[in-house]
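Okay, handing you the structure first.
Chains: A, B, C, D and E, in written order; residue numbering restarts at 1 for each.
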Amino acid sequence: MIADCAVYEEGQRRAGDLPLEEACEASQKDGAFVWLGVIAPSAEEFDAIAREFDLHELAVEDAIKAHQRPKVELYGETLLVVLKSARYVDSEEVIETGEILLFVNPAFIISVRHGEASALAAVRKRVEERGDLLRSGPAAVLYAILDRVVDDYEAAAQGVEDDIQEVEQQVFSPERINPAERIYKLEREVLDFHRAVAPLAQAVDQLARGHFQLIPAALHEYLRDVHDHLLRVSSRITGFRDLLTSALHATLTQVSVRQNEDMRKITAWVAILAVPTMMAGIYGMNFKYMPELGWKFGYPAALGVILVVCALLYRRFKRAGWL
Amino acid sequence: MIADCAVYEEGQRRAGDLPLEEACEASQKDGAFVWLGVIAPSAEEFDAIAREFDLHELAVEDAIKAHQRPKVELYGETLLVVLKSARYVDSEEVIETGEILLFVNPAFIISVRHGEASALAAVRKRVEERGDLLRSGPAAVLYAILDRVVDDYEAAAQGVEDDIQEVEQQVFSPERINPAERIYKLEREVLDFHRAVAPLAQAVDQLARGHFQLIPAALHEYLRDVHDHLLRVSSRITGFRDLLTSALHATLTQVSVRQNEDMRKITAWVAILAVPTMMAGIYGMNFKYMPELGWKFGYPAALGVILVVCALLYRRFKRAGWL
Amino acid sequence: MIADCAVYEEGQRRAGDLPLEEACEASQKDGAFVWLGVIAPSAEEFDAIAREFDLHELAVEDAIKAHQRPKVELYGETLLVVLKSARYVDSEEVIETGEILLFVNPAFIISVRHGEASALAAVRKRVEERGDLLRSGPAAVLYAILDRVVDDYEAAAQGVEDDIQEVEQQVFSPERINPAERIYKLEREVLDFHRAVAPLAQAVDQLARGHFQLIPAALHEYLRDVHDHLLRVSSRITGFRDLLTSALHATLTQVSVRQNEDMRKITAWVAILAVPTMMAGIYGMNFKYMPELGWKFGYPAALGVILVVCALLYRRFKRAGWL
Amino acid sequence: MIADCAVYEEGQRRAGDLPLEEACEASQKDGAFVWLGVIAPSAEEFDAIAREFDLHELAVEDAIKAHQRPKVELYGETLLVVLKSARYVDSEEVIETGEILLFVNPAFIISVRHGEASALAAVRKRVEERGDLLRSGPAAVLYAILDRVVDDYEAAAQGVEDDIQEVEQQVFSPERINPAERIYKLEREVLDFHRAVAPLAQAVDQLARGHFQLIPAALHEYLRDVHDHLLRVSSRITGFRDLLTSALHATLTQVSVRQNEDMRKITAWVAILAVPTMMAGIYGMNFKYMPELGWKFGYPAALGVILVVCALLYRRFKRAGWL
Amino acid sequence: MIADCAVYEEGQRRAGDLPLEEACEASQKDGAFVWLGVIAPSAEEFDAIAREFDLHELAVEDAIKAHQRPKVELYGETLLVVLKSARYVDSEEVIETGEILLFVNPAFIISVRHGEASALAAVRKRVEERGDLLRSGPAAVLYAILDRVVDDYEAAAQGVEDDIQEVEQQVFSPERINPAERIYKLEREVLDFHRAVAPLAQAVDQLARGHFQLIPAALHEYLRDVHDHLLRVSSRITGFRDLLTSALHATLTQVSVRQNEDMRKITAWVAILAVPTMMAGIYGMNFKYMPELGWKFGYPAALGVILVVCALLYRRFKRAGWL
């Protein structure tokens, strides 16, 4: 589906939507370029676009299948940038990833979006307000999209961090919650997230260092800024993995400690209960000559002794912290 | 066994199968090349081929023994590419690996296949439909085979991923399944898989960067695409290892948690059973003066008290989540 | 908030505080430079400064938001150095991090501090005493601040080390303390600390190797010294992580050992208590012909036997180390 | 001890053994070289050789002490290659390592062997059959020895792999074997093995890349083949370590699972035994009015009830998988 | 404290000790150099030396504080080499580290030692016996000291290895020793040791590769030898860490296995004791009609049955390996 298709000239959007062919033609003009936004295109839809803009066979395949690794690649004059977009769905503790492919050329930028995350309409609006950047051509749009996607990474990372803090509290809470499954699932999400973010850093570094003529020098500092944010997110995510591994180990320790506490509590009670059973057994013996049995207050005395011994035991266990 | 031997000219297969000597001769013609497909050759079979095509002694050894590490190596003018093929046998949760050796030269490509995975007949059919690629010479066949093998990696990786998801469910299922052995065996498979895939990425990178004259520039982008897929598979496999390690740790935690639960349940019942034993013991004492023993309803009263105490204990344990 | 603003000429502070505009003007003079110290500026405050000193848009954003990764970056002629300051709050076992941004230029150095750690007033005092260094221009101030921040890292690392030693004692103490939570939290602090320190080492290395014209050669050795200290802190922190991981594993082992000891102690007592219960049970049987029951000293003999058996068991368990 | 000393000319061994001095002299002739094989020489023995062949002081020290790290080093014109030989002693599950030092020079090769593994007599015999290789001079002998040593590595690796598979079966076998010690010891062997193999790969790579004039180009492909085998062994060994670590974790999990099973089995029996004790206790109470006690079939009825309850419990536990 | 101060000329020590000033003067002569040995100098002591020999301010700070990271650094013409010395104190299982700083210059070498390890008097004696090396100037002394320090590393590593072998025996000994604390402490020592050794390897590599003019080519081979030893020690230490980590895991497994064994032993005895209690309970019931109670040999028969059942149970548990 084509979301939006506009021609930008001298940092301004030319009024009105254009059909594909006219846009392509308009983009040939000096100082003008087209931004074509496409969402989850079908093979036929994208074939038409590819033919119009003369895109490379392999790049087109990538655009439709959408399971690429983040990368920057030059096909002839056209740069293909593949990004993973990410957003944190707190209710399911899941990072939902999408994919954005950008075909960038002096004359056009085609953005192909798969998945919900990082809607580009907002980016377009923001970019159109900054004529100074737009004058740098399609690369400025590339920067704006990268900036947005990386900002969304940070939001997703924050979501994960909040959940990790919740999990930490569960691990060490006196309540008997078993956070193992939650920790494991967060670990899996973090792994996927890492796979989305880490390769992009390298790609953006190439863009920022001026490996591609397409990127005007004025944008290098902006892209370096994006690169920096990526490194920060990336190191946070690496930290998450270490934390979650430790949290899983700590959970195991906590479970063992609790088991030990339970065992001692249980045993203390068993010991307290064993005393009356034993004493009652002794006075249940059938010897003929057991003087206590004939005493008037033998029975209450026996009960009393039992109670006292149990109370002493109870106090002792209490003091030792077993109860 | 020679599976197929054909001469390609101007991107077209010349009709008919050829005996070895004629094929070799035909390949000397400009713009023509031979693709000789061999399956698990015996030493004698391959010796004949090696003599005909003048292959290096060491390369020949590799072709027969088939326990090579994936690599690209130049012997004189002939490129030797060693690949591991892989397929996932779901019924046994095993990745079956085979080996493919390719001798590539301007005049011929000899493919030697060991093991079931990645049959090359299908690749030949597909390649013969693409005259445009075939015109690039034997390197195009090399690309087509690499492409197929890496696609099969992705299928195998998907198979492993599915099984990992099954195992995850077992780890956290309330049923008492012990997935430790399954996790361990998947880990071993994943390790082997990694050893098959990781060195190839480096080799394909060399091919894509134009280190070898044999590979025409037109194919570089295609090989970069293969390299990219390899990196993706490779990072998925690395992720599998991390997941399986975590799953093993989580299993241990789950076992401990369950043991704790069992212990508490058991103890609760022991405690409930200990009360009647203790009370019966007391009324089994032989004191002369135990007024309760003479009461008319002493016995049912004692039973009643026992029942009430047991019921209270039961309720208490139930509430505490021990039962 | 502007903390201090002074002009330095020929290694001397020119008397009196200056308003912003005059300072900026004064800095244009040869051999003079301004050091402007700002603490947690608001957007408006810093906008004024940025306009006066012509700072880059992106750098300004960084200065106000203050969640940057440590780095060194050149915007035009102005070097932006981002640092994390750190101090150890022993009462909470927490490393409190702040952020310091430095804009360095031949004519000025602007220091922006967020957070409590590494107050710069003391640095200014110390720098003003060393006219020889000050003559090297703003880079000398940069060095002095870096030196101070890194010294504070060492202090923080020492604080962590002290706590790790306390935790070690808890892990192996005979008392039943569970240090798992404390270990985990130290691990998290150490991870954050590492993220603050590690990227700075690379940045300072660039400064020390003379990548930037702004840094006079005379300062290279001083910066190499700072770099060296950073590497030392960094390797200590890495060591902390390994130690804490081991400590967590050791804790688990200790818990298991203790559980084993408890279990054996408990069982020994259960066994000792089981003997009288069993013997009492036997003499509680109602057989008509049980000769012992008729003996005069049957009862005390039975008690005696019980005591002796229990004592023997006790001794045996004591010797086996179960009690 | 001097094992063998021979002069090779034009790829042929000159008949007869030679004393040291004559051999040295003979090696000066063009196209001729000496191969001197020494086994565990004493200091005096080797001093004589060193003086005759003019070996470097440091190299001589290495040759006698024999605890070197695998390496290739050039002392003047003479190349010193240090290798670890390895063989797997299955009966003790131990990798026995020896050491081979090679002094290679255009005129001679001196092989010094410590330890049993990789006897060189067989290598000499095989080399002498290949006149074509021998014509390349001492480097051909170097290749032949390397080839043999690395082949022995593969055999040793296979031995380890077989034992790992045995251990795996023990870990997951229903029998109660504790393979922890065996796993640990294999881990130690694998670590030592890795230390023997890993540095050699780098050294052989240098030889294969033509860093040393001594190695004729014709041998580069052969050495690359050795390097390849080394990489394969090396990656297998790395895999062993990962497997053994996982096996140790899996062992712990298996022990925990078994403990859980034992505990449940035990408890089930305790519960079944507790029922008759409790019921007997109740009918052992001395209440005057207990109607059941007067019944004619009270006793068999009580026994029956006890049996039935026990049987029901037994069935229930059986079904729940506790027995 | 100045330990020794001597002038060396033409590889010979000039007779007699010299005061500082004369030594400095004497060193100016061609072919002569001073070796000044200082032990743990106070600030004043070292200030005098620094002034005499014109040492860099930063280097002086390092010399007094003595908490440097191993490194090689050039201050003007003077090379500063920082080393950690190490010795193993077996009685406390601790690696005691000291620090040695060397200021090397064509005219002098100043050695500053902190801590007990690696006394340099012995090195001086050995060096003075080798006039051939001494002729190479101060660099020869540098080599001799490095050689000694690294030899001491090997001794310390051997000490650690011996203790690790002791610990291994404890882990798998049938006695109930808990080596967790010992393992942990060894791990900490090994970490510290690694931090002392690892950075030095890189520094010595620089020296051996001829990065510094000060080191004559004749010494490069000697320094390469030192570097090699360092790599060997370094890889042994890395191996120690892996071994100790595995040992800690193995300890946990052993504890679990033992707990399992204890539990089964305990339960077996509980089961054996439960049988007489249950049977006695049954014959303690007060039913009027219990024919066995009236039998003449009822009591001994009951005792006999109890004994037989207990014996059968005992045999069964014995066979199952529970006792």
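What we mean here is this: a residue touches a chain if its C-beta (ideal position, glycine included) is under 8 Å from a C-beta of that chain, and two chains touch if they have at least 3 such contacts.
For clarity, every value in this text was computed on a predicted model and none was experimentally measured.
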Chains touching both subunit A and subunit B, listed by label: none
Fewest hops from subunit D to subunit E - one hop per pair of touching chains: 1
Angle of the C-alpha superposing rotation, subunit A to subunit D, to the nearest 5 degrees: 145
Gap in Å, rounded to a whole number, between the CA centres of subunit E and subunit A: 41
Two or more partner chains touched - positions in subunit E: 249, 252, 256, 259, 263, 270, 277, 281, 284-286, 290
Touch-based graph of the chains, sorted into line, ring, star, complete or other: ring
Cyclic chain order when read starting with subunit D and heading to subunit E: D, E, C, A, B
Sites on subunit D touched by subunit E in the complex: 56, 58, 67-69, 71, 73, 75, 176, 178, 180-181, 183-184, 187-188, 191-192, 195, 199, 241, 245, 248-249, 251-252, 255-256, 258-259, 262-263, 266, 269-270, 273, 276-277, 280-281, 283-286, 290, 292-299, 302-303, 306
Footprint of subunit D on subunit E - complex, ascending: 168, 171-172, 221-222, 224-225, 228, 231-232, 235-236, 239, 242-243, 246-247, 249-250, 252-254, 256-257, 259-260, 263-264, 267, 270-271, 274-275, 277-278, 281-282, 284-290, 321
